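Attaching a single structure in structure tokens format; questions to follow.
Naming follows writing order (A, B, C and D), and every chain is counted from residue 1.
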Amino acid sequence: MIRIGLAGYGYWGPNLARAVSEAGETVVEMIADQSEAALERAGTRHPSARLTRSIPEMIADPKVDAVMIATPVHTHFDLAMAAIRAGKHVLVEKPMAETPDRARLLVDAADRRGVVLMVDHTFVYTGAVQKIASLIREGRIGDLFYYNSTRVNLGIFQRDVNVIWDLAVHDFAIMDHLFTARPAAISASAAGFIDGSPENLAHLTIFFEDGAQAHLNVNWLSPVKIRQILIGGSRQMIVYDDMLNSEKVKIYDRGAQAPTTPYADMVAYRLGDMHAPALSTKEALLTEVEEFARAITEGDAPMTDGIGGLRVVEMLAAASKSTQMRGFPVDLMTQRVAS
Amino acid sequence: MIRIGLAGYGYWGPNLARAVSEAGETVVEMIADQSEAALERAGTRHPSARLTRSIPEMIADPKVDAVMIATPVHTHFDLAMAAIRAGKHVLVEKPMAETPDRARLLVDAADRRGVVLMVDHTFVYTGAVQKIASLIREGRIGDLFYYNSTRVNLGIFQRDVNVIWDLAVHDFAIMDHLFTARPAAISASAAGFIDGSPENLAHLTIFFEDGAQAHLNVNWLSPVKIRQILIGGSRQMIVYDDMLNSEKVKIYDRGAQAPTTPYADMVAYRLGDMHAPALSTKEALLTEVEEFARAITEGDAPMTDGIGGLRVVEMLAAASKSTQMRGFPVDLMTQRVAS
Amino acid sequence: MIRIGLAGYGYWGPNLARAVSEAGETVVEMIADQSEAALERAGTRHPSARLTRSIPEMIADPKVDAVMIATPVHTHFDLAMAAIRAGKHVLVEKPMAETPDRARLLVDAADRRGVVLMVDHTFVYTGAVQKIASLIREGRIGDLFYYNSTRVNLGIFQRDVNVIWDLAVHDFAIMDHLFTARPAAISASAAGFIDGSPENLAHLTIFFEDGAQAHLNVNWLSPVKIRQILIGGSRQMIVYDDMLNSEKVKIYDRGAQAPTTPYADMVAYRLGDMHAPALSTKEALLTEVEEFARAITEGDAPMTDGIGGLRVVEMLAAASKSTQMRGFPVDLMTQRVAS
Amino acid sequence: MIRIGLAGYGYWGPNLARAVSEAGETVVEMIADQSEAALERAGTRHPSARLTRSIPEMIADPKVDAVMIATPVHTHFDLAMAAIRAGKHVLVEKPMAETPDRARLLVDAADRRGVVLMVDHTFVYTGAVQKIASLIREGRIGDLFYYNSTRVNLGIFQRDVNVIWDLAVHDFAIMDHLFTARPAAISASAAGFIDGSPENLAHLTIFFEDGAQAHLNVNWLSPVKIRQILIGGSRQMIVYDDMLNSEKVKIYDRGAQAPTTPYADMVAYRLGDMHAPALSTKEALLTEVEEFARAITEGDAPMTDGIGGLRVVEMLAAASKSTQMRGFPVDLMTQRVAS
């Protein structure tokens, strides 16, 4: 059994603790939170876990094999670094760190220490994204042309991060998993319409090195909730609508072809069948905790490893920089990290 | 009765001719097309109209009071200018001209000659857009925050114009009608994935002078057809889904408010009712032809007049320029036209 | 070329005439209508057709090979019988006649005279129904368990027929085409909520001889338009939603299985993929006219022949009888017609 | 504080216990279940509740003010009767009893003993049904014409009860709450397509004494889950779709009117606005527990009292009887209970 120490029992921590206790190879060894009330709630749900108000004490505890960090973003770096230095495996909430530099320091430290560093990009572990990834790997979609995501709803306004760091981060993580080509540049514009709160609306265009384009439309001030991703490929196309109760992923055998003879000068269309595969209904967070356990046991990289987390932070940083230049594209090439 | 001369009986011309014959105050006097086959079709449908293969002859005809131009874009300027100089009222297909300069020359010429110059921005005359416009005018939406349009489908690839000139033009015309603030700059990126054809995918951000933002997502290579516009205001919000058979326009009494006291630091949400008003089911094109007749008879500007057509062409030109600079925002301020 | 004489140029007749003129092997030879205004409209659209106010004259005309009857229901029998006796092939609007007896007389007469008798059950010729029929034939659906149709909308109230004869007739025709088992009994209840007009709401249960059940929910007084058919089979299940713009037919690889071992006492579920085949977009009415021409040329029965039309009329009569007995099931066995 | 004793901690019991502990005026005093494992789960969640394997012991406990019964249907009568006789208030799972006679005995006993008898018809307490009820009460819908419910899904096949007792019971309870007119007769047909399990498909028509009609379509063997209720009235109409994430209840200002003058013989349609009111998002079960507490404290009848529970059981019994006669309508008039 892998003994988990959990830092932070606020909004997301309880979900992690539950998943750890439901997974086969992990157990909640300790829970640390500065709030007495949070610890009380933790004790009721996890009576066999030891509780402490000191995260450093938990990190130092010899009976803790791995640490999960579910604290505010600005604390991720210090806590993750301390855990790595203590020789613990680490799963850290998204985004991994506030800056690419700090994210890279964590990757390098985990590398040197030989521990697993994983980022909690939960969406990657959904049945929908896993199915899309396997369709792409099998070549059924063909060359990827575009990724188009609409991720809008009313609230919840964050106080510390804007809508890009809150919502676009999910698409960055999903794209990092799906695309083999890497983003070359990002153009982003943002606007805020509620005084005293961060930008609530943003549009981002990501230019991939192979010519593909992604576009993200994120907004906290939409009257309706939309979670829709269109993926266009040379062979087939995908619509992934996460608001549906079933048939979330639809694959369309549709497309257009360039004229094949010099005399035929019209674009031809293909209008074939649509197919909605059955998706795994296993909870994403449970799959993720099992992946963390597997990576620790087998010693290889998890699907959402530190390098991927670093790439996502780089994209976030580039997007933020672009918004300050009214959409001027920010190059990712020079600072890019090989996977 | 206003006697109409129609130039061009190809794809759109027959629709204009039918609407002219159905409207109360207009009659199809002449139809001109270079194709004998087109004229034959025109004769069957409109037996009382005179036919000719010479558009100049039709423009010069003393029994023609007004000319409608439904020919390829590159001919709009010459034909419209000839008609204006002949003292005819003119309705010209969108886009009004290929460049802002030429559009402005038409506006000035019509002004000097005292004839009506109108552009066929059909969408503006739909029951949906007219209802949205009246809601905005009545103050029910409040300050406009954003306009967000997804206008994607599979095909029809155009050979001469790209997806911006084909699809985004509709949103430019609708926004020109709905917004009183004017666009200050446009950022656009485009991509083409089918060899030998124009760009099929584009994302445009329009920055309005009052801080509002619009975003357009247009694509000819989407597996599904989407026509969805979200409009966010300080009081209410609108979702306009043109693919629905009914309830195309929904108004949500929803929003977010900044904290009103120094101690309350959280954004508050309002989650009220939704309302879908009954819309006029009158055909947009018929409403448009009647507006043309009304403008001629009463001597005042039609809803989609030449100035509006010029502003739309300016937006198209700015968007095209931005795509060549990978999304660098192109300023509209200096070349802007007062309404 | 098969020369068609059309009786009735009111609501549906113009559609038939257009389809006849578009199909490859038929031509509109004559059009007969008692209304001078209707004939005028007919002349404009079909300048080469001969016009007459006398249907008998048209039926007797030696240049008319086949007659299409698009007149009110109570005239179907007399006109169809006259045409059959004149040796003409006949396509008659649905329902074929007012009573099963009269429908049977037409079938017998056409049989003796050796002419084609076909009923205009247009829905059967849609791409959707044809696809469903082929899926059933190929065994992909397995044994048919149930057919469940919701066919409701607001209006159009008919004056002469109630909602069963107006709407349920479509499902009767579709089921007659899809099911090989025959209906054994029908239970129906109806209600009318608008004074002075026929029943606007009805629920019908059809008991098939093999245990399958169909259920129809028809209503002229629904706030929304629904056209949804669920078909359950032992292998797969179908949802056919005719209000969708695309993917009208969806096939679900889902079902339940009885326990297979004495110790396993729970029903097991199968939750597989969904598949939406591309459907033919050819107009149903055109397909139907071509089927009429094919039957005449090749001398065999059309898909919706007189026998099928008779079975549909029998179902309508049985349903009407049941509604007068508050849903008491009316047996179809004794009066049933072999296909 | 009202001290609750809960009988049964299987599938539904834990939900009741949670709601009791969340409501303001109730507390979980005891939990009784014959299964040791169930009691263990109960102890973890409700550490301050006393546990017992003997339901009679719990009923007799002087510190228990009211009993909630969440055990199998065939035990409802005995347990509820024992609790009533012990002077306890009772909330019993739906259906209240297996037969109308037994349901009536419970009503009479509670009456004599002066205790509250309430049935757990949870749906009645949803924001959606409460909103619809208030719209009807305010006269906005007008006279009720029909109630039409489609309640279908794949599984869960029950072993002991058929689809009528499992699914139609919800509509019976909702109608009992919404309609002031009472059902006069019920016609029902059912079919089962999986060997060894109860009927999985049924269609029910309920004839109300004032001419209104209800129709229920329930099915465990549908490929898709549908929860849609249409309610037609003389003034407005309602569509309630419980599968939607928002805007579950839509009110349409639509209808048809009989001709008002002798010369106007056509039915006229009204096509007005649609309105989707914001619904209470409070959990239905919590509202229900508070209603139970309120009825106990104030001494008046709860919304879903024993009489209503009896009427629902009568409808279930009548429907079952009708299915054995292939839909012959079973009269409810003679056995009807005044509200």
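Keep this in mind: contacts are C-beta pairs under 8 Å (C-beta built on N, C-alpha and C of every residue); 3 or more make two chains touch, one makes a residue touch a chain.
Nothing here was measured: the structure is a model prediction, and the numbers come from that model.
A.B. asks: Moving only from a chain to one it touches, give the least number of moves from chain B to chain D.
C.D. replies: The least step count works out to 1.
A.B. asks: Given the pairs B-C, B-D or A-D, which one repeats the contacts seen at A-C for over half of the pairs?
C.D. replies: More than half of the contact pairs of A-C reappear in B-D.
A.B. asks: Give a one-word verdict, same or different, on whether chain B and chain C use largely identical residue numbers at their interface, taking over half shared as same.
C.D. replies: Same, since most residue numbers here occur in both copies.
A.B. asks: Taking the mean of the C-alpha atoms as each chain's centre, how many Å separate chain B from chain C?
C.D. replies: Chain centres of chain B and chain C, defined by C-alpha means, are spaced 43 Å apart.
A.B. asks: Between chain A and chain B, what is the gap in Å from one C-alpha centre to the other?
C.D. replies: That pair's centroid distance is 40 Å.
A.B. asks: Considering chain A alone, which of its residues make contact with at least two other chains?
C.D. replies: 224, 271, 274
A.B. asks: Chain C touches which residues of chain D in the complex?
C.D. replies: It is residues 145-146, 148, 150, 152, 154-155, 157, 159, 185, 187, 189, 191, 193-197, 200-201, 203, 205, 207, 211, 213, 215, 217, 219-224, 230, 232, 234, 237-239, 250, 252, 254-259, 265-267, 269, 271, 274, 326-329 of chain D that touch chain C.
A.B. asks: In their complex, what parts of chain A are in touch with chain D?
C.D. replies: 44, 47, 224-225, 243, 245-246
A.B. asks: Touching residues of chain A toward chain C in the complex: what are they?
C.D. replies: So the residues of chain A in touch with chain C come to 247, 253, 271-278.
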